[in-house]
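Provided herewith is a single structure, encoded as structure tokens, for subsequent inquiry.
When the chains are written out, they are named A, B, C and D in that same order, and each has its own residue count from 1.
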Amino acid sequence: MKRLLVSALSIVLAAACHRAPRATRAAMSNRPSLYERQIGKQVFQTYCAGCHGDTGQGDGFNAFNLDPHPRDLSDPAFQKKTSDADLADAIRRGGAGVGLSSLMPPWGHTLDARQIDAVVLYIRTLKQDTGAAK
Amino acid sequence: MVSLRRLFALSSVAFLAVLAVSPVKNSMRPYRAIQKEYERIGMARATTLKAAQAYASNPIAIRQIWIPDFDNRVDRCTTCHLGVSDDAMTNAPEPFTRHPETVHTPKDFARFGCTSCHGGEGLATFEADAHGRTADAPSPVLPAAYTEAGCGRCHLGDFVSDAPVLSNGRALMEQSGCFACHAARGHEDFRSDAPPLDTIAVKTGGEWLRQWLSNPKGVDPNATMPNFRLSRQEIDELSNYLFSRPVTPELQRAVEAAAAEPPGNAANGKTLFAESRCITCHTVGGKGNGSAPELGTIASRATRGWLIAFLRDPHAFNPQTRMPRYGFSDTDVRDIVAWFEDDLRDFNAPKSILDPLRVNQTLAERGEKLFKTAGCFACHIKTTKETERFGPDLYGIGDRRAVSLDFGKRTDLPRTLEAWLDAKINQPRSFATGLKMPTFSFDPEQRRAIVTALLAMPAKPVPEALRVSTPRQASLVPAGTIGAIVARYRCLSCHQIGTEGGDISTAPLTFEGSKVNRDWLASYLQLPYSIRPILPERMPVLKIPAEDAAKLADAIETWYVDPSIPDDPFAGRPASDRDAAEGQRLYTTLGCRSCHIIGNNGGYYGPPLTDTKTRLKSGWVFRFLLNPQRWRADIRCPNYGLTDSDALRLTAYLETLSSHKETRR
Amino acid sequence: MSNIHLVESNDPLATPWHVALIRPDQRPSARESEERYVTAFPHLIVREVILFQLVVIALSLTAIFFDAPLESIANPVETPNPAKAPWYFLGLQELLHYFPPVVAGVLLPGLVVIALLVIPYARINLEAGPLWNAEWRWKFAIITSIVAALTILFAAFQCWPVVIPTMLIGSAALASKRGRPRWLWEVTLPEWIMTWFVVVATTLTLIGTFFRGPGWSWVWPWTAVPRA
Amino acid sequence: MTAGEWIRTTSVYRSVIRHGVEPTNRNRSLIIFENLFLHVHPVKVREKTLRFTHTFWLGAITTASTIILFVTGILLMFYYHPSVPQAYRDMKELQYVVDNGVFLRNLHRWAAHLMVISAFLHMLRVFYHRAYRPPRQFNWVIGVTLLIITLGLSYTGYLLPWDQLAFWGVSVGTNMVKQAPLIGEKIRFFLLGGNIVSENALLRFYVLHCVVLPVVLIFLLSVHIWRVRKDGGVQGPPEHDPSPEGNSFDSLLPAGREKGLTGGGDSSS
């Protein structure tokens, strides 16, 4: 009897909350743990900051001789239109892999998935706060 | 009798009622409600019926991870933290959140449990006890800011990958000389590299010493000496003592002779200074590496005689110094010091800054006592007894219970170990009067790193089998003639050989023989040029004589080779022109030019490749292309995941690059 | 009392119910014994069960509301300051503060145990009547000098927790000679000694438990900091 | 026939309980006679001894604590290992995992304190009531011995949790023993099984606490209670003669004889 009840209940709940997990996963990126941010920052500063700059504005010391210029990662519009998955994909396969400039190398063989996720989390923290700027 | 019966009835009821309290309380232990909540949330998140049923059928019970190999550890954290390895619980409310992925999670949950890394009381099934939020908790859960301390308990090496804060903290402690005063496991043979004070009377003046003692960092931002907050009186006493110490006679003669030499040519000195790349270690006006003293005001810091004598043979003054003995001629040194006196002086300093102090014997005697009681000797005198340290030892500091700490006057602090440590590092003398620890000027991030490194020092070392440390290799540093050359030019101040040596250069020498051509190396040693122009740290022109350079190059060619790097990557089938052309195409499509220069074209994040054929051996280039990080873990060059044939083609292309038209072979 | 002889016999016929031997200097008085007897079951047994239940109830309530102390795991290198014995030995530990260890740790407790054991065999206990019943001049001198001697002895060791009760009890014993209040007059010498012992032991135990801090220094319970 | 009546007709019941249930004096006597545990009581007791102020029931409170200590102690023994560091971990396990573990441990601890206090107060009560007088001299000696054993039990139990409190409490105590001339060191070594408080000491204290001292306690306690009855029941406050000069039979006769003569159950066992 109890089992039946539980099964029935779970069907109802499963139906009612079908969309819940996707929503929560997306929300996750807003709340990286301190440790993840630390790792992301370390990876970013080691591998990315040379071209993208310490604050991600595309102004690293190696940026001036690159054409096209490195992406401004802090641009709110860019941050908005690019999903985590797209960012991770671009890092993994490089510019050439996603149909952009080949000057952005692929990092999929150098960084593991965890490090790439961490760096994506860190890039999200670089978004310029337009509200505060004005 | 009736009243007795009534009393009996009453007491029997009370008796049973009171005895029932504990079982009732027992049946309402908090974890039961938490597990029911988990079931509810799990079912709400489940996408399939089967998953929902799995949540529903989970029994309500204490869950634990048992680790017999690690002090018989039992972690019951998962009794409440039920979702740590459940993907559906990503971003679920605590305590159900999925654990973020790290090197060890989720794969090592069963191997290490939870408290091995995070601290806390694994046995506990109540939140406050488990997290150590009780007055006498033996190991409270590490706060998020100091999480990496958990890594450091097993990972004993100085550098721990994926633990940047911990690694930084360990490096800072090493650099700041903490272990000169405090004994700690693994640092028993630490020696401070503070200079000996024997020649101070001929090196500098009383006024400069006074300024230095009152605030070393104010005189030289690169100073590693902390501020001892000495009173004027104490500074006087110490200066008198230091000036009263006898100077080694040979050195005194050398300094006096140098002082009497004729003035040099400052313009030539300036050129020599620039090509000597002193800012690879020193700074001038803040520019440079900063691991050695600031030179912007050097002429107001040391006398001309001392500077000339020191530059000619630094190792006679300080056998421990990392400063190489340049192959300067006598005139070269005079010219450099002449330029120092023209440009690198403190123009605001009083004229008398380098005037020697007239020693007052009473003050000097008191200064000698102070030298001992303030702990100066801990860094400046090389004693034979290293087991006895001046300060309290740091054994098990990371497991000190907060109640056993002396907070003294600091009633403002939260009663936690990390708050105590942070305040101790920040303002060591604010706890009581008469404390001796000097003040280092660390910023909050550095303090966090050091506290993390301190929290990683357990009372009881983790079992041998779980310890991860870089094995101490047999020294690969040469002895004999070559050893003398390496020591004279202090190659190891910047380069690494095996596990020894500094970290200023990007090029470890362990397998240098497999990497570069011998002839290139011999000429490079005599007249180095900038391979990485973006770095301030470059190979200095040490003025190594041709003979020494040839000997060194031969030694490296013979000894420092990696047998796994092939001499000929093409295996007897030389690359065709087509292969080279194919390689060139790859060079373009892979975007190598964003970092490397060939000719006039490309970025300078990596070294220029214009001279590859002259400089690098093809076997090394091939292996490097296959996996750059194998050479050095922090190499920025990405691993493109090249196939062997692609790597060979690229090698073939790079092998065609030479600024000299003629080929050697 | 040699003029009283008890007849020992199991033969009820040979033994009269009451044998009274009356001293010539005293008047005969036979008090009517109106002792009422009740059966042990249920009167005594039920009371015992109720008492047991009450003890269990009291202890259970204590156990529910107050947790037994448990500190961190024993650590031979981390000596708490002060290191205290269980509470019932804190009186002795307090004595240790004043006297050489042999005296405080062995001699005094040994004497106490022996004194307790011999109580029923000492004539002084068996025959004791009210202290000032007879020979009071002589007793007064002896007691005064003993109290004074004890006071001086303990004062020499600056053992004030013993000196003060000694003086108080001693003066109370001497004051009881006045005969008022009556119950005080009736107190026997052994009772005075026992009272003195109990008061001293309690004082020392209370001081050791609540008034001693780091280095066995005097602290007030309300200012005591958590043990470090 | 009710169920109760039926049960009382069964042969099993009658083999166990041999008296009726009617509240007759005979049945009430049989209840006491025929029960090993109850027969330490006389069949009849003086009514005034039942009054609370007569003895303050201090001996009974001590005995009740003893019973509680035995029950909780045996239950605790199921969860305890006398080894380092498992002993301390077992305390934690009691707290975190064992059902009612905290309650058991608390009960045991507080009952132990109550036993020490009530035994001491019992001794004082007996003294002030002069109940140590003949014929009760020897029972007083047994009583004092029981008090010492009680302290011994409490003290040996103090070490078992193996926490800081236990370790240092026992260290301090055994250091006092060391001061005894000549044999002090030896006694201490004998108690601790070594020169410091270590795992050996834990094991010795455990055996003393769980086996040796409880057995001695049961033995002496039985003698003590049995002798209370043999010596004429509990003795309350000394009975005052209204006139100080007068003399009554009560004060001449040993207290025990008196009740025996007036029909107590003294000679019945």
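Observations on the structure shown:
What we mean here is this: a contact is a pair of C-beta atoms (placed from the backbone, for glycine too) under 8 Å apart; a residue touches a chain by one contact, two chains touch by 3 or more.
Remember, it's a predicted structure, so these values are computed and weren't measured experimentally.
Chains that touch both chain B and chain D are the following: C.
The remaining chains, with chain B left out and nothing else moved, group by touch as A | C, D. Remark: among chain pairs C-D and B-C, C-D carries the greater number of C-beta contacts. Centre-to-centre, using mean CA coordinates, chain C is 19 Å away from chain D. Rounded to whole angstrom units, the spacing between the C-alpha centres of chain B and chain C is 69. With centres set at the average Cα position, the gap from chain A to chain C is 80 Å.
As a whole-number value, the distance joining the C-alpha centres of chain A and chain B reads 29 Å.
Counting partner chains per residue, chain C shows two or more touched chains at residues 43, 47, 56, 60, 63-64, 71-73, 78. Chain contacts: chain A has no residue touching two or more partner chains. Shared interface positions of chain B, i.e. residues touching 2 or more other chains, are given as 22, 25.
Shown are all chain pairs that touch, namely A-B, B-C, B-D, C-D. Only residues 4, 6, 17-18, 20, 23, 26-27, 29-31, 33, 35-45, 47-48, 51-52, 55-56, 59-60, 62-64, 66-76, 78-80, 83-89, 92-93, 96, 101-102, 104-106, 113, 116-117, 119-121, 125-126, 190-191, 194, 198 of chain C touch chain D when the two sit together in their complex. On chain D, the positions that touch chain C within their shared complex are 25, 28-29, 31-32, 38, 41-48, 50, 57, 60-61, 64-65, 67-68, 84-85, 88, 91, 95, 102-103, 105-111, 113-114, 116, 123-124, 127-128, 130, 132-134, 136-138, 140-141, 144, 148, 151, 154-155, 158, 161-169, 171-173, 176-177, 179-181, 184, 196-197, 245-250, 252-253, 257-258, 261-265.
Note for the complex: chain D touches chain B at residues 89, 92-93, 95-97, 99-100, 103. Against chain A, the residues of chain B that register as touching in their complex are 43-49, 52-53, 55-57, 88, 90-92, 100-103, 144-145, 147-148, 162, 164-165, 534, 588-591, 593-595, 602-605, 628-629, 634, 636, 638-641. Considering their complex, residues 22-23, 25-26, 62, 76, 121, 123-126, 129 of chain B touch chain D.
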